[in-house]
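Provided herewith is a single structure, encoded as structure tokens, for subsequent inquiry.
Chain IDs A, B, C and D follow the sequence of writing; residue 1 opens each chain.
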Amino acid sequence: MDDLGFIVGSYAVTLVAVGLFAWSVVRRSRRLAEQVPPEDRPWT
Amino acid sequence: MTASTATTGRPDRVTGTPFTRALGIVTLVGVLWLSWFGLFVTPADVNQGESVRIMYAHVPGAWLAYLAFVVTGISSAAYLWRRTRSLTWDRIAGASAEIGVLFMGISLVTGSLWGRLTWGTFWTWDARLTTTAFLFVTYVGYLAVRNLGGSHHQRARRSAVLALLAVLEIPLVHFSVELWNSLHQEASVAGNTDVTMDGLMLFTLFLGVIVFTLMYVWLLLHRQRALALQDLVDDTGLDLAIAARRAEVG
Amino acid sequence: MRSGTLAVARAIARRDLLVEWRSRVVTNQVIPFAVLVMVMFAFALDSDAVLERVAPGLVWLATIFSVLFLTARSFAVETADGALDAMRSAGVNPVAIFLGKSVAVAVQLLVLDVALVVAAVVLYRADVSLGGGVLLVTTILVATTGLASVATLYGGLAAGTKGRETLLPLLLLPVVAPVLIGATRATESAFGTNGIAVSEGWPWLGLLAVFAVLFSVVGAVAFGPLVDE
Amino acid sequence: MSGAQPIVTSAADGAATGSVVELIDAVALIGSFPALAGASLRVERGEILLLRGPNGAGKTSLLRLCAGLLPLERGSASVCGVDLATDRELVRAHVGIIGHTNGLYHDLTVAENVGFWGRLSGATSAEVHEAMQRMGLDGRLSGVRVSKLSAGQRRRTALAGLVARRAELWLLDEPHAGLDADGRDELDRVLRAAAAAGATIIVASHELERAGGLATRQVEIVAGQVRGDLR
């Protein structure tokens, strides 16, 4: 059925997009964190 | 530089805190719960049929996008106000706008999928839809301006002013689109779908809003940290650069 | 020792218009472009009835496209030899720069709009009665003021940056949606398109006026922080 | 001519001595690069100071900092009695800078350009005329469009703009570049006259044999720091 693809598709689009964004953010900040000593990190 | 080590817990590159880690786990559980309820547990709607299931992902997403832009506006104002001037506000504004654009992009897609099933069309020139599209483009422009470069405070001041201009622009655009739309009554299919929701459906929608809010908070914290790290890396670079320059003179 | 803001704004507007009068870039390139767009619409839409119906919208669409070029030109004059930098280093009040340049852009837009309305009358058989004429002139004046203000504001922001050709439309087009809507509806009544009465057009002027006032005032305040480093 | 300018004195530093420029350990950035890495410099009224140094040493940045175009990142700096750390915009009224660009409108004539800059500062038409006369721009040249001028004539037009604006401190970046021998002599004459009339001039140049004769004092700028001046 057509509807099923649309419904599952919209959940998939949401989760994949948010997931990719989250992954890219974490990866980027990990790479940056290597260059900053732990005591300087603003959230600690 | 050795990106091959995929161990996540190495202390020298951790960006999470116990709080965000717990928040992340709760969010993940919430996402699973929401998907299960949205896709399987809730009943089909009397008018919309199965397509109502999209709503449990679409409505919270759209709502969060608006919330994200409100946060951007407030933190921009906080930056511009002398007594609370801090780059933290600027970074929150930027991170929030980025997440807002993401959520808004997603909800434009899910919304048009829902529209195709319910109205038989991907897009209608409904006032809310049209305003949303304009809003999306406006914040894409805001993000482009954030990336223009310059010193931190330069970036912060420029983008804060732009964000406040956007706050001014949105009601004006919305009002004009609504006026325009009122001329074309036949186009507004949206207003007529009077949904009477039962308890479970309402609960799932509510759950969706909570789950998306948690998602937003998690993303905002992490994105903001990444921006703070970036600024820090720039600053330490400056200290080293000054020292290196001074050393050139014998 | 320093001149007042309004005097400086007047000097800047006069100088901008003098530059245009000498170089004729807008007269010889932007206005022909706008009229050409009108002609291209006729090819694309290919029906007298449709053209007559959409003429008001096409006039304002062509105006908004032309605003992009007009603004880009207005700031290209300033950045070609570092004049904007020189004005900033001369301590010129940004409010004066904003007002001066907006006025100059508005004057050029007025000329452009007259050309476009004439083109609409000739090419699309638009029809203007006396009452419609008054409405049309008012619409053009008010809409032009608003357009010139936002365009100057965002044009100044984009002026010094790389990728300004694409940044300006990205920033400007969503903002001017109210002008496109309001001015098009008002012009429809002025032209009597689809039998709309002239009196139905006047309420739209309220929207245009709010836009013009808002962005003139806010633009004057925001221009400095947006343009200055 | 400069009598109208109030000299704002600040008790904290040496402004009371009449220094037009006083930089102490000034740091300024271009992007994230420290173009000035702790520069200290003092310039007195009426001086013609030559800034020497290789390309990329920070000459242009020092001029732009003094003109209020570049933010002061660290250290302290006061120009014409204005504290650059807090009131960067205020200094601009006192200062004229000519960098690699002349700040001219190429479609306008010499007279229109100078007149425009004069009008911005409220100069009378007599004052504008006098400024053009001092730069040798009256007569036939005044009605010529800037796009038709030689590099030297453009430079002179820009200088006339500074005179018309009654700038107190002139900041000139490689002013001799692109001028022929006659143009250079003329420029020197103009600058000496301006200094005699009370203006302070800082010239950044690496044409030493030319600018050295003009200057009343020289300092060398190396790696974003000034060598051979105070402290």
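Rule of thumb we're sticking to: a contact is a pair of C-beta atoms (placed from the backbone, for glycine too) under 8 Å apart; a residue touches a chain by one contact, two chains touch by 3 or more.
Note that this is a predicted model, so its numbers are computed, not measured.
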Remark   = Using only protein Cα atoms, the chain sitting most centrally is C
Ask   = Which chain pair shares more contacting C-beta pairs: B-C, or C-D?
value = C-D
Interchain centroid distance [CA atoms averaged], chain B/chain C, Å = 33
Request  = Averaged over CA atoms, how far is the centre of chain C from the centre of chain D? Could you give it in whole Å?
outcome  = 38
Task = Go ahead and note the Å separation of the Cα centroids belonging to chain A and chain D.
result = 52
Inquiry  = Taking the mean of the C-alpha atoms as each chain's centre, how many Å separate chain A from chain C?
reply    = 42
Note = In chain D, the residues touching two or more other chains are 71
Inquiry  = Can you pull out the residues of chain C that are in contact with at least two other chains?
reply    = 229
Key: Two or more partner chains touched - positions in chain B   = 150, 154
Note = Every chain pair meeting the touch definition is listed as A-B, B-C, B-D, C-D
Message = Under the stated contact criterion, what part of chain D meets chain C in this complex?
response = 4-5, 67-71, 89-93, 95-97, 99-108, 112, 116-117, 119-122, 145, 161, 165-166
Note = In the complex, the residues of chain C that touch chain D are 1-3, 7-8, 11, 15, 18-19, 22-23, 77, 80-83, 85-92, 228-229
Query = In their shared complex, at which residues does chain B touch chain D?
reply = 149-151, 154, 234, 237-238, 241-242, 245-246, 248-249
Task = Would you tell me which residues of chain A are touching chain B in their complex?
result = 2-4, 6-11, 13-15, 17-18, 21-22, 25-26, 28-36, 38, 40-44
Query = In their shared complex, at which residues does chain D touch chain B?
reply = 27, 29, 31-34, 37-38, 71, 73, 222-225, 227
